[in-house]
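Below is one structure. I have some questions about it.
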C-alpha cells in the first residue's frame, strides 16, 4: 500500500512534465527531432500511465472514451482539410505555399497545422485502443 | 578505415538478414497467435535497418541543418521508416484486437487447437 | 556492433522462449536496442518513435492482451521443416541481393545522389524548417504522411469496431465491475 | 488550377473525406447516404480521366506542388485509368445494393463505421491504382489492407475472425516483402518515383540487388494477388466475410494486385530484364496452370457456395496470370481484359449469393434447392454469371478465353489451348452442380419470406449481368482499351 502511495504521488508529479515534454516535442519538431506522431504517442502514454496507476474509470473521467473516439477522425480531417483548402486557393492538394501570400511562411503554417492533425489522431487512436483493450475485462 | 568499414558493412547486412529471417520464421512456424504477432513486428522492425543503413554517411550528422555541420545523413529513409513504424503498430493493434476476439469465441489462441474445431452452420 | 549482436541474441531468445510474458518483455528490450542503433545511424527521429512505440505502446498493448488471454505458448506438434525452408530461401535471396549493394557509409552512393540533396539544400529556403526530416515528412512527402495518418485512423476505428458489440451490453449492466477489474 | 486539373487528387480525396465524415456519424443510414454519394461521383471522375488519357496521353499531378522525384506524383496512364474505371464502377454498383444487405448482416450500432471502413478500402484501392510513387503504393496498400481485415472480421460466423487474422498475417508478410523490395531498389537507385525508377533500372541493368528486389516484390504482390500456392487466405476470407464485402473484394482487390504486378514487371523492371534470360514467364505459366486446375477441382467439392466461388476466383486469377506469362500482345490483352470481365461476372455471382443469404440466411448448397422458383431473377443472374465463368460464347468469359487461346497459338502452344478447354470443363462441373440444385430440385424453404429481394439490390445485379452479355458481344470498349494498355506495356519488348 505504501508503494502504491509513492506511485500515485510520483505519477501526479510527473504528469505535467510529460505533457510539457509532449508539447515540446510537438512544437520543437521543426528544429529538433520530434513531431506530431511522437508527441501524440507521448500524450497517449500519459493517459495510459494515469489509467494504470489510478484505474480505468478515473482516467476515463479525465479523458472520456467518447472524446478519444472523436479525436480519431478529427485529426485526419484537419490534415485533409489543409490539403483541401490549398486546393480551393488554386494550388495542388497539400500545396501549403498558397496558404499565405509568402510561400515559405505558408509552408511553415501548413506544416504546423498538419502536425497538429497528426497529434490529434495519434493521441486519440492510441488512447481509444488502450481503453477498448483494457475495458474488455476477462 | 577501409578494412573497418568493410567489416561494418557486412556485419550490418548479416545481422539485418538474420533478424529478418528469424522474424519470418517465428511467424510461419509458431502456432501461438500472440507470438506470431511478435514475430511479425520483429520482421517489420528489421526492415528499418535495411533502409537506414544505406542512408548513413560515415562522419555525417543527423539531418537537422546547422551552420556548424556540412555532411548530413540521408533524411528520406528516415521519413519512410517513420511511416513504416506507424503502419507496423497499426497492424499490431488490429492483430491484437482480432486475437482478443478469437480468444473470446474459441477460448484459445493456439492455431493447432482451433483448426480441428469443426463448426458447420 | 555490440548493439547489433545483442539484438541478434534477443531474437534467438524470442524464438526459443515459450513464456509469452518474457517474449513480450524481450521485444521491448529489442526495441530499445533498435532505437540505440538508429541513433548511431543518425536517425534520431526514427529512434525516438521506435522507443516510444516499440518499447512503449506496443509492449503495453501486448501485455494487456496477454492479461486477457494466457501467457504460455504450447508445444507445437509440427516439425518446422516448411517454415525453415521458407526462411532459408528468403535468407538466400537477401544474401544474394545484398552482395551487390553499395558500400556502407560512403558519401557517393547513389542513394545520396539522386533525390536527397535537394531536400538538404533547399529545405530552409523553401519551407523554413531546419529539421529536414520534418520538412520532408510534412511537406515534400506530405501526402505519404496523410496516408500514414489515415492508416492510424483505420486501425483506431477498426479496433473499436472489433471490440464493440456483445460485450458492451454486459458493460452497461455492471459498468463498475468490468472496468474496475481490467484497470488493475 | 481548374477543377478538371484537380480530378486526379479528387479521385482519392473524395472517398477519404467521405470515410472521415462517416466516422463522425452515429446513424448507419446517414453514413450510407454519404457513401452512396461518393461512390456515384467516382465513376464520373474516372470516366473523365479515362477519356482524357485516351485522347491526350498520361496525366501527371504533383501532390503538394513538388515536382517528382522530390514530391509524390499521381500519374494516370491507360492501364491506370482502366483500373480506376473498373474499381469505381463496381463501387458505385455495390453501394445501392449494400444498404439492405448490410442492415441484415451488421448490427445497427456498427453500420456507420462499417461504411467508414468500406470507403477507406475504396480509397486505398484507388490510391494504389493512381499513384506514381513506389512508397506511396505501400501506404495505400496498407490503408486498403487494414480496412479489408476489419471488413472481413465483421462477418457473422466466428470463423470470419480467424480468416481475418490469417489474412492479416499473410497480408502483412506480403506488404513487408514489398517494402524490402522497394528498399533494395532505393538503395541502388536513390529514387522512389516509378518513372524515375524505370529509367534508373534500365541504366543499371540486371544487377544482383535489382534481381533480389524483383523476387521480393513479386512474392509480396503474389501474396496479395492470391497467386497459387499463396492463395490459402482467400477462400476463407471470401467465404465468411459479409456478402457485400465479398462481392466488392472479389471484384476489385485482387485486380489491384494484378495491376501492381503488371506495373512492376513491365514498366519498372522493364520487359527486357524480366522476360529475357529469367525464368519468370515459365514460373508464372506453371503456377497459373496449377491454379486453373487445382483450385477448380477443389471448388467442385465445396458445399458452401461462397467458398466454391472463392476457389473459382483463385482459378480465374490463374487465367489472368496466364496472360501475363504469355507476354505477347494477344495473351496479355486476354489477361488484362479478363481483369474487368472477371470483376463483372464475379461481382454478379457474389451479389446473387448475397441476395440468397439475405432471404435464406445461408450460403450452403442444400439451402439453395429449388430457389429458382422463388427468386427467378436473382438466379437468372447467377446462371448468367456461371455461364460466363465457363466461357460460353456470347458472354465476357468467352472473350477473355478467346484472346488467351489466340495468344497461346501465336506462340505455337497447342497444348495450352487444350488445357484452357479442359479447365473450362471443370468449371462446367461446379457451376452445373449449383444450377441443377437451384432450378431442378424441389423447393426446400417453403416459407413465404423467400422471395425476390428489394429493387435496390436487384437492379445492380441485373446491370452487371447485362454487362456480362453486352461486353461479351461488343468488345470494342473493354478489349479495345485493354489492347491500348497492352501496347503501352509491351513497348519495350520489340
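Chains: A, B, C and D, in written order; residue numbering restarts at 1 for each.
Following the convention adopted for this analysis, contacts are C-beta pairs under 8 Å (C-beta built on N, C-alpha and C of every residue); 3 or more make two chains touch, one makes a residue touch a chain.
In this text the structure is predicted, and so the values were computed from the model without any measurement.
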### Summary
Counting contacting C-beta pairs, the top-scoring chain pair is B-C
### Query
Which chain's mean C-alpha position is the greatest distance from chain D's?
A
## Note on the structure
Per the C-alpha centroid definition, the whole-Å distance linking chain A and chain C comes out as 19
### Task
Report, in whole Å, the distance between the mean C-alpha point of chain B and the mean C-alpha point of chain C.
5
### Message
Nearest whole angstrom, what separates the Cα centre of chain C from the Cα centre of chain D?
### Response
30
### Task
Take the average of all CA coordinates in chain A, do the same for chain B, and state the distance between these two points in whole angstrom.
24
### Multi-partner residues of chain B (at least 2 other chains)
20, 24, 54, 62, 64, 76-77, 80, 82-83, 86-87, 90-91, 93-94, 96-101
### Task
Would you please write down the residue numbers of chain C that are in contact with two or more other chains?
44-45, 49, 53, 57, 61, 65, 68, 94, 98, 101-102, 109, 111-112, 115-116, 119, 130-131, 133, 137, 139, 141-145, 147-148, 150-160, 162-164, 167
### Task
Could you list which residues of chain D touch at least two other chains?
16, 20, 23, 63-64, 135, 139, 142, 146, 149-150, 153, 180, 184, 186-187, 192
### Query
So in the complex, which bits of chain B are touching chain A?
62, 64, 82, 86, 93, 96-97, 100
### Task
Using the touch definition up top, name the residues of chain D that touch chain A in the complex.
1, 6, 9, 13, 16-17, 20-21, 23-24, 61-65
### Task
Flag every residue of chain D that touches chain B in the complex, lowest number first.
135, 138-139, 142, 146, 149-150, 153, 157-159, 161-162, 164-165, 168-169, 172-173, 175-176, 179-180, 183-184, 186-187, 192, 362, 364
### Query
Where on chain C does chain B make contact in their complex?
1, 4-5, 7-8, 11-12, 14-15, 20, 23-24, 27, 30-31, 34, 37-38, 41-46, 49-50, 53-54, 57-58, 61-62, 65-66, 68-70, 73-74, 76-78, 80, 82-84, 86-88, 90-91, 94-95, 98, 101-107, 109, 111-112, 115-116, 119-120, 123-124, 130-133, 136-137, 141, 144-145, 147-148, 151-152, 154-156, 158-159, 162-163, 167
### Message
Going by the contact rule set out above, which residues of chain D touch chain C in the complex?
### Response
16, 20, 23, 63-64, 66, 69-72, 107, 109-110, 113-114, 116-117, 120, 123, 127, 133, 135-136, 139-140, 142-143, 146-147, 149-150, 153-154, 180, 184, 186-192, 196, 200, 207-209, 211-213, 215-216
